[in-house]
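After this come two complexes, each holding chain A, first together with chain B and then together with chain C.
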Partner chain A sequence: MALLEMHEWYDLARDTNWTPGYVAEDEIFPPELSDPFGISVEQWETFDEPYKVCYRDYVETQRDKDIGAYSVKSALARADFFKKASPHWKALLALHFSPIGFAEFHSASAFARMTRFSRAPGMRNMATFGTLDEMRHGQIQMYFAYEFIKQDRVFDWAHKSSKTENWIIISLRHALDDVEHTRDAISAAIMTNFAFEQCFTNLQFIGLSADAAKAGDHTFATMLQSIQTDEARHAQIGTPLIQIMIENGRKAEAQQLVDVGFWRIWKQFSALSGISMDYYTPLEFREHSLKEFMHEWVVDQFGRNIKALGLDLPWYWDYFLHDIETFHHCQQIGIYVYRATQWWRPIACTSPAERDWLEEKYPGWNDTYGKCWDVVADNIREGRFERTVPVVPPLICNMCGLEVTGVAGVGRQVDGRTWNATNFHLDHEGRRYHFCSEPCKWVFELEPARYQGHRSIIDRVLDGTVPPGPDGFYEYMGQSFEERGVCGYDYQWIDGYDMPRAAAAE
Partner chain B sequence: MAVEVKGMKTWSGLAKKRRRPSEYEVVTTNLQTRTRHPDQAYELSPAPLLEMNEFYKRHVSESPLQHPDWEGFRDPDEMIYRVYTRIQDQQEQYVDGLLDEHNEIGHDATLSDAWLDVLERLYTPRRFLQMALQMGAAYLVQIAPASTITACAGFQDGDEFRWLSRCAYRARELQRAHPERGFGETERRTWEEEPAWQGFRELLEKTLATYDWGEHFVALNLVAKPAADEAHRQLGRIGRRFDDGLLGLMADNQMRDSERSRRWSAGLVAFSLENEGNAAVLSGWIEKWVPLARQAVTAYCGALPEQDDAANAALGAVESFHRSLGLDA
Partner chain C sequence: MTTADDAGNLVGPVMRAGEIADAVLEAIQEDNEGREVLTEAHASYLRIKVADECFVRFETVGDVLGRTVTRGDIESNMPSFAGFIRTEPDGIRFVAR
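Right after this comes the complex of A and B.
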């Protein structure tokens, strides 16, 4: 073949900046969308991603990836797997697919902002692949979710969730819109590509993929892995940007972007991947606990990467290490007891064997979260099902949108064996805002105008936005009667608790 | 007792159509989150507290181009990612074949000085024009009020990058064959200074500085892009007369992408016309932008050798596209 290799010509494809002559530069690159840091265009032109890809190779590689993922054979295997899957795995699939289609598709727009407004030509090219990748991730996951809808209507939420006001969807949109969609191209790229994609997509796409492979859901595992290969490619955008920021005296700004982005995305993954890995994955298929995975893939790797770049660990690092062991356990209780506010069928996943596993992975689990589950189990055993559902609505964090639960070892908690819900609050311009944690409050205080006008689902109940009456809340959230979550095991998980007693009596 | 699990025929959002949805509809519709509240496109403080919510409100919610349900738009090609990569991989394979064959026979060494002058002046600087088209498409991706529009613009964004890349590739090949010339070195200066390009530079710079989503769509997809691509078609056509068959074949291939852009753009215009008042808005914008396009095409095509009325041919194609949009009725 008498074709040039990419390295022989690609430098020209990255030489595409020109000086506007018919409009002012700021009209094409408004600082608030392009670069509020005042770094010169010559500096941005030094942007150099480590692993380069050209369009020609991109479409070939991506075509091949999709041929495997969409094969008829794997579709049949998937349908068959789903029919036989336990409520555990069905809950996991529903939790994964419901929000992810629109969220990934939406990310195509974040990359498009980088293509449009970045003054680094290499970054514009890379971000174009990012836009295409995210369209792929949205579409392939919609396709997979759609295969299940004939069997299970909860998957309708893969399509409808984007426009609902369900509290979990609000929480996700709030985080993603904050990190990816409402900032200038550089800030959004540092937060999205470095703090989000380099740190966390591994969790859902590698961690969960390992569990899926073990569970025999090979097509799900393969799809997750193929998505991660795209993420790894376009996530490269973040690192060179941070280097340019540091070289140009903007280290503090870069640090803050990483700290905010990392925290905001951690909260989402803590709930999504934490519950998926430590609860919804059937016990026999669990590869790692969230904590183990976080330590290997996030704490160690991110810790190394950030120091190598010349930044520091986020100021809340010790708090974060606590949070890894605690937050998702609290959220799992909330998700189960407020199950009617979710569209899927939540499951408890606290049978005696599962509790043993949780205790082993999270020493002290039985004495903290386990005590809550004891109360739930007792109520079910006594047939007091109504007592398994709280009568009062939860307090919702005005930053992450998740339940304010407090975490073990924090706040009024002293010995690490029990915990109290701690509400971090702030009075700002005549109203009180509630937060689940110090970092969520800190993010708010950095830029109050960005957040203060947003109303959590509970704010909307209190201000009358949510219609009154027993169904008003659910209808507001887009949930018909059939779309309100019920216990995925119809409380049968409690049977396991009787076995040890029965065995003792023999 | 296991919980009863019920299925559905299709997404509830598509059920009212009472027909089996295509894969395109299944995976592309209703994925937009930005249009739930006019002053709160993004789930943070509403406008004007959050700048980006104010930006979206001004440029989309308050755009003169309105439709109650943009999400109802459908791409006539029903393009989805896995088909896009398959089609474009084939097309790129074809272009690789062209480049390979022409390289084998030493094509670039055979080009005349007169034609090399043209390539240096009017072809390889095009990568800057492609960059502008790519940035324009990327703006549509992020501002569009429907996921089906975002998808069309996303593929267009990819297409523009495709041709930016091929143009850069050719610049390097020509540079190697003719190192004494300015290939690979002078494109930026030519783009910024050569009179033949200044019309397009003005058109594209002004398009990029247009943020109303509807006007940006009209300026880019109904005017600037068709004009820029039709001018390129003329370059390719004339190239054949100067024994540059490669450029002609590549330009033909590029027009396939350009025509797909025109199909979805025409589809979006047709969809917009469901709403009374949009016809006048669209026509008004076309009238506003066409003079710049005419000036651009005239300057560019006027610089082509043995042009044979190239400007009128290019402008005729753009006008015929406009006539097909049904805006005159």
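Right after this comes the complex of A and C.
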């Protein structure tokens, strides 16, 4: 008996809406979880999946993807690779695997809510596969990371991190909770599938894979791209949703969801991908700078999609373009000098040759961020190691949870230069909130009740949640003495500074 | 001949570098006859770009490779794409809007 082709039965099979007889429609699909926009179910039923797949094909394809990724891993027997890898690459792997593996596993629950609560049958179908995708992403990344535990206990944080109150994890969790886990199915899908997955995952999972391939880490490169092939499919959930929203007079709401989601996830990837690409990737293996990858994947590719769908570029686009060139450089300084608050071994990556590369990619780097590194290098050279660690905690943004920092080109002018830490603060119901940027402040102002209860790590220090004493801070963050970051190069990165710059460059 | 001089309308797949990527490029050149096909090679991926619309037929890719090619074979090697995607029974179409 001949089997029907998928396109011959697909529309009928996925038409799973019916009229309930025993309960009210709103009890099955509560508006606060299914559709706070009041769009009719007939309109949601027009959701036409751009990327159609059935379960049989899905399982076959996913099996082949796993065979491919795991085969490369087995064939290359990574233990030796890791032993020989530089502190640069080890820091990069730790920075990738620690926060991402379990965050992806958590994303499965976000997709499961889309599957359960969406009123669009086609979306439910796509989200079902998205749920399975995210489980795979959590599992494969934890499995690959755990291979290194025998060599380095840092990789235990691939699983442990999400259970801790480490400040970086608080920052990531707050962003993902906001975008993925605490909204109705439609809003979460527009923010996650469109604003997040159609742009920023390309950066980390394709851009970084290019660096990994050049570095000879083919296992990591293959795993990253294998994951992104799933993202490319399920990220398409967001497109028809935006079209339906616009057709039903909800463009402003869709625009706001994109603007908020895009900004919140950008701040996370600025630190994650920015530091990975512009600092932790060994110089000889860098395919492009963060700025170049951002222009390829986000500014050009994703920016075109926003406009093609009938939306506008986010109102903060010009600020964002400036942020691409600045924010992660500031965060890299903070990550290094507050290194004990990280669980991996941060590295400076500012040898003379690396500085030349940074200056070429980001003109003016030496006159701004480079000045900070000069001070750090001088203190190390003089043996004043205690001065390389700030004695006061940083000001943390009450939205993105990252450090409020100076941004070159923004702020008051001092000594002819414009580079000052700017605190965009807001007084609300008796307390002052601090923000690193105008967009972070704007997000808060949109829905103060949504955000005002969140306490940054510094809020927790000040209100006594974090135990006092020299170790209280680290114990609160889940870091034993051995799990506190130290300089990955044991300060030897300043050796090049003892030579004249020209000689070092040669 | 349609030229791809407007970067704003370039669409097409981003393929993992390798045998399938090369075959997809060859197939796209055949399936989009008379239209300029641009490429951008990176260390681990290949961007294939056509102005406004780009179609890749599974059968054409299969002809290049000498074996049957399915949607899953393309998906497994396509981590991203530019534009919007439409899966069709016999291939995948990328459109600018």
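The criterion applied here is as follows: the second predicted complex is superposed on the first by the 488 of 506 C-alpha atoms of A that agree within 3 Å, B and C clash if a C-alpha of one lies under 4 Å from a C-alpha of the other, contacts with A are read in each partner's own complex, and residues count from 1 in each chain.
As a working rule, contacts are C-beta pairs under 8 Å (C-beta built on N, C-alpha and C of every residue); 3 or more make two chains touch, one makes a residue touch a chain.
This is a predicted model, so every value here is computed, not measured.
> For the overlay on chain A, clash or fit between chain B and chain C?
fit
> So, A:Glu60: does it touch chain B (first), chain C (second), both, or neither?
both
> What's your read, chain B or chain C touching more residues of chain A?
B
> Between chain B (first) and chain C (second), which, if any, makes contact with A:Phe105: first, second, both or neither?
A:Phe105: touches chain B, not chain C.
> Using the superposition on chain A described above, determine whether A:Thr465 touches chain B (first), chain C (second), both, or neither.
neither
> Touch check for A:His159: first (chain B), second (chain C), both, or neither?
first
> Which partner chains sit in contact with A:Arg233 here, chain B, chain C, both or neither? Use first/second/both/neither.
In the superposition, A:Arg233 touches chain C alone.
> Name the contact category of A:Glu27: first (chain B only), second (chain C only), both, or neither.
Only chain B is touched by A:Glu27; chain C is not.
> With both structures superposed on the shared chain, find the angle between the C-alpha centres of chain B and chain C as seen from the C-alpha centre of chain A, to the nearest 10 degrees.
Nearest-10 rounding gives 80 degrees.
> If you've got the overlay open, could you tell me the nearest Cα approach between chain B and chain C in whole angstrom?
13
> Could you tell me which stretches of chain A are touched by chain B in one complex and by chain C in the other?
60
> Given the complex with chain C, which residues does chain A contribute to the contact?
5-7, 50-53, 57, 60-61, 64-65, 68, 202, 205-206, 209-214, 221, 225-226, 228-229, 231-233, 236, 239, 287, 297, 300-301, 304-305, 308-309
> Mind listing the chain A positions that touch chain B in their complex?
For chain A paired with chain B, touching residues are 1-4, 8-10, 12-13, 15-23, 27-28, 32, 54-56, 58-60, 62-63, 66, 70, 87, 90, 101-102, 105-106, 108-110, 112-113, 115-116, 121, 124-125, 127-128, 131-132, 135-136, 138-140, 142-143, 146, 149-153, 156, 159-160, 162-163, 170, 173-174, 177-178, 181-183, 345, 449-454, 482, 486-490, 492.
> Quick one: in the complex, what on chain C touches chain A?
7-8, 14, 16-17, 42-45, 70-73, 75-89, 96-97
> Within the complex, which stretch of chain B touches chain A?
Against chain A, the touching part of chain B is residues 1-3, 5-14, 23, 26-33, 36, 42-46, 49-53, 80-82, 84-86, 88-89, 92-93, 95-96, 99-100, 103-104, 127-128, 130-131, 134-136, 138-139, 141-142, 147, 150-151, 153-155, 157-158, 161-162, 164-165, 168-169, 171-173, 184, 187-188, 191-192, 198, 201-202, 205-206, 208-209.
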